[in-house]
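In the two assemblies presented below, subunit A is common to both, partnered first by subunit B and then by subunit C.
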Partner chain A sequence: MSCWYKDYDALGGIVISSRIRLARNLSNMPFPRRMDAQMLRTLKERVKVAVDKMQDKVMLKFIEMNDIPENEIKAMVERHVISPDFANSCRDRAIALSNDENISIMIGEEDHIRIQVISAGNSLDKAYEIADMIDVALNESLGFAFDSKLGYLTECPTNIGTGLRASLMLHLPVCESRGEINMISDAASKIGLTVRGMYGEGSKASASFYQISNQITLGISEKNAIENLKVIAQQIVEREKSARADIDKLNLMDTVFRSLGALKYARIMSSDEFTKHISMIKLGVDEGIIENNNIKPVELLISAQPYMLMKNHIAITPLERDEARATMIRGLL
Partner chain B sequence: MSCWYKDYDALGGIVISSRIRLARNLSNMPFPRRMDAQMLRTLKERVKVAVDKMQDKVMLKFIEMNDIPENEIKAMVERHVISPDFANSCRDRAIALSNDENISIMIGEEDHIRIQVISAGNSLDKAYEIADMIDVALNESLGFAFDSKLGYLTECPTNIGTGLRASLMLHLPVCESRGEINMISDAASKIGLTVRGMYGEGSKASASFYQISNQITLGISEKNAIENLKVIAQQIVEREKSARADIDKLNLMDTVFRSLGALKYARIMSSDEFTKHISMIKLGVDEGIIENNNIKPVELLISAQPYMLMKNHIAITPLERDEARATMIRGLL
Partner chain C sequence: MLCQKCGQNMATTHIKTVIGGKVTEQNLCGYCAAKKGYTGFADGSISGLLSSMLGQVMKSDNGVFEQACSCCGSTFADIAETGKVGCAECYKTFETELLPYLKRIHGSINHTGKTPGSTELVVTEFIDKVSHLKRKLANLVAEEKYEEAAKIRDEIKELEGDK
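Right, the complex of A and B next:
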């Protein structure tokens, strides 16, 4: 198993990735926001011991965030390894991370523990299975704060209950071009789901990549919440599919191949233009228009994010970054 | 010697082609506009005999325009073999044409005879030498209307004297992008030269291809008119060259390669978009940015004109033509 965005391109399809996040807190300890330095150290130590104890089930590396350079932290957000919120206030915090980066436990985010499992394609059940296994194992060592009536206790009331956020990342270029996203988003919100941009709360949708996730955590089981999400996501996927069937093939080919031409030939490329083209390439691959198996749109999408790019290329100014992006893309295509 | 636009790409440079046109009329015959059918037949017969007589100097095929299909006539305009005016009123007219199409004699255009010689690159002297040789040979057989004070007599007073129009086709993408063409055109007109679009009078400039030609035919020798044109054209060429030296190389590369990408990958391409890209490709070839010797921008430019395209591709609707254009370009690149 390699990281989700490398696994994804072999699968293809409208559902890019599945993510499970569980918010958990230890009993008898204040929430991170109210912890002093000593308490935070204690929290990290206790979690580290618990993580080490479950090594036979899942191997995670314990990493102090203070050891990670600023730009790499931002690149971790781009790879969806940590949340933007955690990146903004991760001083003295820590994470436990699997080698493939698909499993991460943020320690001292909003809650004591945020277990995240991300996997390629339409695979919420698989992601949940892993998250649940970790949840059970850590609970044995740490004892999570749990109220028999409310469920798991969390700092923010919107997470109390299951502490679960399940989400699917969907690629909806044709629904988007038809201006249907707001309607889909409104309909989803009426049944307790949220449609957001690629990087979660407050993020702008990046070139037709959207996350849909559950909002309700109280009075519903984890499995039921996941089932609800799957059913609605499937309806959105069907809507996108039928919209795709209506497109004029010649126009679609023209648009897709022009994007491929731009990616293969441009010398300067902004992040916005890039994501727009990648979305078209992905549509082309999924619709069988581009047959080259070496084109991996989602891996490219993640690899060409600004901080991911700076990791591998010396690029100081925005223009240098736009040039490095174009160079990298040409190298990969 | 193959046709000028096939010869040109091996040369490259800002001067695409050189053209000489001589307007001549036979004595004792009314101008074509006032000829009846019998007179026109007589004119054609006399010219045919004269053309046949100079076969040892230049081999021309005598062609009745009534034998040429409508679309091929329009394609001949696109190849610069005949003038748009001649194409519009060529019923019962004829031409004498060399195999490579660089030499043509239109019979019964505005004047009895229009000798045209076109050659690749900056080669007005060579074109004039051939035109002059034909002029002398035909004059021997036909006896052109000549007034010792005015010179050659023509229907339109603007041609009286030398009956010469010399023109150079220039590629001025950077002057154009800087908005300098009007200024160049105004300056040229003050010294008796005209700057026009690619297809002569009234035609819109096609993507930075411009014709500059002499206007004055009276009180000046043919050679002097040609020298004047060459001097001014050289100044314009120098201006374009120095403007090119000022461009940011990375931006230029980006623009040039994006055009190449669009040409290589588009599935639908309008004539306007195509000429814009070809202009950039030509700039890229001339500036050493594109090194592939197989890319022949001017040959492509001519070959992808609408009627040239219809000759080789079944394309009825404008969309089918735009699709055929894109297909042809991909095939050639």
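Right, the complex of A and C next:
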């Protein structure tokens, strides 16, 4: 399978990607904050054995985070392979990763284990199915900490119960331009959902890409939490759709093609300016205004992130990076 | 980053104050932030909110803070300061203190989702059912309803025999 942001057929729509994360802990050792170096080694060894044991179901590569260069770790955050929190404290920690990077198991994040599955488009059920399968397989070897009344026990009480965080990444340029995001966010929070920026907690929403996820994990089943999220996301999608239908077509075309022009010809492209334009390009492609099939907005969005750029271009100063971004984009358009 | 007040805990709350055009910034742990009256919404995160909620309990009731978790050594003060629990066992050790907060965060304290494997659940149900029946038996005997009590006693015997 290709990695989620290159799964082009599934990416054309308001729901860009689906993500499932399960928080799990081993029952006989303290949570990561209270672990010493020896415990961390033991944890990694045990998880490695468990991961090797399920190779017939899913192939994951075990990687020591110390072996990954600092810039690549930040690029992994930009590709959503690891969480920003894990990137900040991943020394001596490890990750088990599928070839396409859609499946990752962070070891020693806030919890002993964080199973993450991402897939393109509106596909939470598919992602959950994979995460669930991995969870069952790992539990056979590791025996996760579980209480019949409180469910899966986690370091942060906000994750206790199912340990499930299901998220959908939505592209809401028109709702955003109408100033409706706060209202959507308030309504979502009343029913136990949160709306955040593209890179999760504390990140600013970059150019109308938003993540909506469940907040409640105790007293609600995995299935119901996912269904709730899907229902509300669908309502938001409908709102964005009808808002799009209301826009004056000529104005919309003008905005979209101006953004395309900027990306095609600019010589210096800052991250902020880029995300604004790429959001318009995505809107243009989805609304049939841009008919060039070679333009892949989501892949561009990810590949033009600062550390992703630095991987392929030796750009040291911010200006050099902005130049490299403009060059890369021109090359692709 | 460590808390700028106590220098001991992780700073979880960032506080920006503007007085007479002068901006001062402080990074505090949940406990110190709660002591200064910041309720944890400052960083917009639930864990910030939790540690300040727990911090407020600390101020009013110092009794629980002597006890340490036998598995990881956490005291309830540790949990309150960070908003994070030390180990799985802590949920038992500090059950009385934690349950009200779980209820406030999730609106429930009863897990209704997945159970790992099926063996554990079967065992739990078995124990629960037997202890429930034993309580019922005791009541029936007290009420001198011997016929019904005999039925329950047989049921218990059967369940225990199945072990």
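Heads up, the rule we're going with is that the second predicted complex is superposed on the first by the 329 of 333 C-alpha atoms of A that agree within 3 Å, B and C clash if a C-alpha of one lies under 4 Å from a C-alpha of the other, contacts with A are read in each partner's own complex, and residues count from 1 in each chain.
The working rule: a residue touches a chain if its C-beta (ideal position, glycine included) is under 8 Å from a C-beta of that chain, and two chains touch if they have at least 3 such contacts.
Predicted model only: the values in this text are computed from it and were never measured.
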item: Partner chain in contact with A:87 - subunit B first, subunit C second, else both or neither; value: neither
item: Subunit A residues touched by each partner, larger count belonging to subunit B or subunit C; value: C
item: Subunit B versus subunit C as contact partner of A:254, first or second or both or neither; value: first
item: First (subunit B), second (subunit C), both or neither touched by A:27; value: second
item: Contacts of A:266 with subunit B and subunit C, given as first, second, both or neither; value: first
item: Touching partner for A:229 - first (subunit B), second (subunit C), both, neither; value: neither
item: Contact footprint of subunit C on subunit A as seen in their complex; value: 25, 27, 29-31, 33-34, 110, 132, 135-136, 139-140, 143-158, 160-162, 164, 192, 201-202, 215-222, 225
item: Subunit A-facing residues of subunit C, complex; value: 43-47, 50, 71-74, 82-88, 91-92, 98, 101-102, 105-117, 120-121, 124
item: In the complex with subunit A, residue positions of subunit B that touch it; value: 250-251, 253-254, 257-258, 260-268, 323, 326
